[in-house]
Amino acid sequence: MTTLAEKVPASATSSRWENARRGFYRFRNSWLSIAGLLIVLVLFIIAVIGPSIVPYPEHVAGSVSTATRFQPPSALHWFGTNELGQDVFSLVVAGSQISLLAGLAVVAVGALVGTLVGAVAGYFGGWTDEVLMRLADLKLTVPSLILAMAVAAALGPGILNMVIAISISWWPGYARLVRGEVIAKKEEMFVQAARALGAGTGRILRRHILPNILTPVIIKMSLDMGFAILTVASLGFIGIGVKPPTPEWGSLLSIARTYMPDYWWTAVFPGSAIFLAVFGFNLLGDGLRDVFDPKARR
Amino acid sequence: MILRIENVTKDFKVSHGPLARATHFTALKDVSLSVGKGESFGLVGESGSGKTTLTRLILQLDRVSSGRILFDGTDLASLSARDLRHLRSRIQIVFQDPYASLNPRMTVHDIISEPMEIHQDTLGLNARQRTDRVVELLELVGLGGQHLFRFPHEFSGGQRQRIGIARALAVRPEFLILDEPTSALDVSVQAQVLNLLHELQAKLGLTYFFISHDLGVIRYVCDRVALIYRGEIVEQGETERIFEAPESDYARLLLSAMPEPDPDRSPFRPPAASAG
Amino acid sequence: MALLEIRDLHLGMRSFEGEAHVLNGIHLTVERGEIWGIVGETGCGKSLTGLSISRLVSTPPGRYITGSISLEGRNLLTASEPEMQSLRGRRIGMIFQDPTTNLNPAFRVGEQIVDVALHAGGLDPSILGVGAKASRSERKKAARNLAIDMLAKVGIPKAGERIDDYPHQFSGGMRQRVLIAMALIGRPDLLIADEPTTALDVSVQAQILRLLYDLVQEHQLGVLLITHNLGVVAQICTHVAVMYAGNIIESGSVREVFKNPNHPYTTGLLASVPTAKMKRGELQGLPGSVPNLLAPPPGCRFAPRCAAVQPRCTAAIPPSVAVAAHHEVACVLAEPHASAAA
């Protein structure tokens, strides 16, 4: 007990903080994870403050200046201008807001619904499990983009509809993950212990199982973020997502493709933004997985 | 007799797929034993012998196929859900693996106070009183209140097992099932935990149902012993009698296989040969 | 030349809190035909000692600070990785604790052993008993026959039929036999067994110990048996090294060390095992717990828990002194002359 007396955390919070620092130490060991974290942080900062610091806020709002169409990148227009004479840099920066917000919303809704469905299916098993999981399987037989397209087309354009459309195709992945984790955790000794103490279903799920499966869900969310942004962009690209003039990376890319390769900058910069976001979130997700891998735990 | 198990049999249906006919697997066959108040009763068996099944039946996590389990004179199967919950607070269990049996995301405080929350209606403690009781329990098992808000992974194996014991004692049980409580621990730590269990029994008047495959530990801890082999009790009686004069072949086999820490009693060496 | 000679081995292990000295000057010499029991509490470094010999400690976070490990004169710590690979599964065999996780459930037991046999045969064709120019199918056939022979040797009945079973069709004891067969197929000179019977029932444990003992007698292997079970050590080992917090604090022949323990830690460890004569509550045990290796206590690392602690204990780590033939102890109590001089 001598080892423990040395540093005793005063409360659960400081003990948690200690754990977080330990986790960050492992995270720090991989520079790719750090790169991912930095990219994601920068993206979020840009998304929050971006629209207010862009050089041409009026272009973001939709005004055009035909006199300055298709100017190549210069000191005045870092990413050049597009077919309407709008500053591409301003549009890409402002577009980050929609892309990130929609991506986050999709992942959050998908994870929430999927976790609920998966937890119920995994814990109760039997018929409940069969019905819920066949429903999820049914969804997995339809390519997610096609389904999202169909739903988005039916609901009409708009950010909210797009988020709903993508989320519908998104939850089954989480449901399957959570179901598997719940089934595994259900057999853990500490869950058996709680049951032996007389704990009921609600308590076991809430206090013992769900907190212990949060980690893989968070990792999946982080890995999915990139793909969600890509899906949002894809819907924008095929024209059933966000409508102009609201800038969004996918629709920017979609419009620009007609002017390739002569006015390459109109496509390259929104494209690079998508690439960077997807890349950043994937690196971050990989890093988080390394941190939370129970085998790496002390 | 606080616990009486009468002719208990437990079958499991084993499914071989939708087309094959399900077969039955008998995990326990006509098991009878009784445990007196305040004594330490040992159950010895190897893996697959049915000792885990028996504990699950006593804890009412599974139901018997036939036979009766009486606790303090009442048949467990006859109890209503409410009475069963009440009874659960009188029977508690300490698990084998102190690493796996504590929820890694809960603090020591939450782990030990959880049974008090579950049995709130029986105990009637408010949050403040529960915390006081947790501190009291931590001191009882030799840990101390400063560990209140730490997480299980910050403790050594022996300390975790102390937490597991404190959790089991939280609701003031009379009957403690000790499911291989020291088999995951180092010998030096095992000695500490065994001594703690001995002190607690004297202090709190507990009845122990001690499950182990370590005959040395069983001999040290238990008043009476039952040997279980493939779901059947092959021998039971006073500990000393079984160790000194085993009647069944199985008891003799186990005793001969028990490795004693004495180089002179090794089956591999004739005495006083190959020394230094 | 000794089969295995470990000299002043220091291993550091880096973690969040800093670098811990997990092995702190290990000296050990193992000859053929000797079975060395390495005992100690969790975290004393006994498994790391075993892993270091086959160089399976990942570096980083591990770091070999000083010292050498020689297998018949060849320093393993400076050997190249391909060289180590040719030693593992050939001259050094390893058995681990859990027989359930060390066999791949997706492949037949036979395929897994044949793989090992082919690897060993690739390094030394005489193991398979076929010429160097043998065709692939000849080699495979020879490997399979060898696998069946080995399975039969470790006591698996009807080995010729069982070889095509999957691991889940074997019981825990039988799986451990399979793993022993795998470890022995390359005819190793040195066998490292890390808690080989801990996951097994006592009756099965007795069979596995008998098997190990007979194999050592037959092949004159050197064995490092890493365990926390003092009973197992007393039964089968010829020698024992007691480890505490990264040091070997007492070593020698099993009978010497068990009958005449000199180090207070060894005494305490032996007194922790319940015996037939003890009454309840009489068990001694050791107070306290193992030290934090990031900030080890000065001098003898056992001093804070030692009942016979003296001021000079904290001055320096006591050197190993011979108290009898085949019996060395690292404790100030064992060196009365040194104290007289001081």
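Going by the order they are written in, the chains are A, B and C; count residues from 1 in each one.
One rule holds for everything that comes next: a residue touches a chain if its C-beta (ideal position, glycine included) is under 8 Å from a C-beta of that chain, and two chains touch if they have at least 3 such contacts.
The structure displayed is predicted, hence computed values, not measured ones.
Taking each chain's centre as the mean of its C-alpha atoms, the one that lies farthest from the centre of chain C is A.
The count of contacting C-beta pairs peaks for the chain pair B-C. Averaged Cα coordinates give chain A a centre that lies 48 Å from the centre of chain C.
Separation between the centroids of chain B and chain C, computed from CA atoms only, is 32 Å. Of all residues in chain A, those that touch two or more other chains are 1, 3, 298. Each of the following residues of chain C touches two or more other chains: 289-290.
Under the contact definition stated at the top, the residues of chain B that touch 2 or more other chains are 156, 159.
For chain B in complex with chain C, the residues that touch the partner chain are 46-47, 156-159, 186-192, 194-195, 198-199, 213-217, 219-221, 243, 253-254, 256-268, 274-276.
Those residues of chain C that touch chain B in the shared complex are 41-42, 172, 201-206, 209-210, 213, 228-236, 238, 252-256, 258-259, 268-276, 278, 280-281, 283-287, 289-290, 324-327. If you check the complex, the residues on chain B that touch chain A are 59, 61, 85, 88-89, 92-93, 95-97, 100-107, 109-110, 114-115, 118-119, 143, 146-147, 149-151, 153-156, 159, 167. Within the complex, the chain A residues that touch chain B are 1, 3-5, 8-12, 14-15, 19, 188-190, 192-200, 203, 207-208, 211-212, 297-298.
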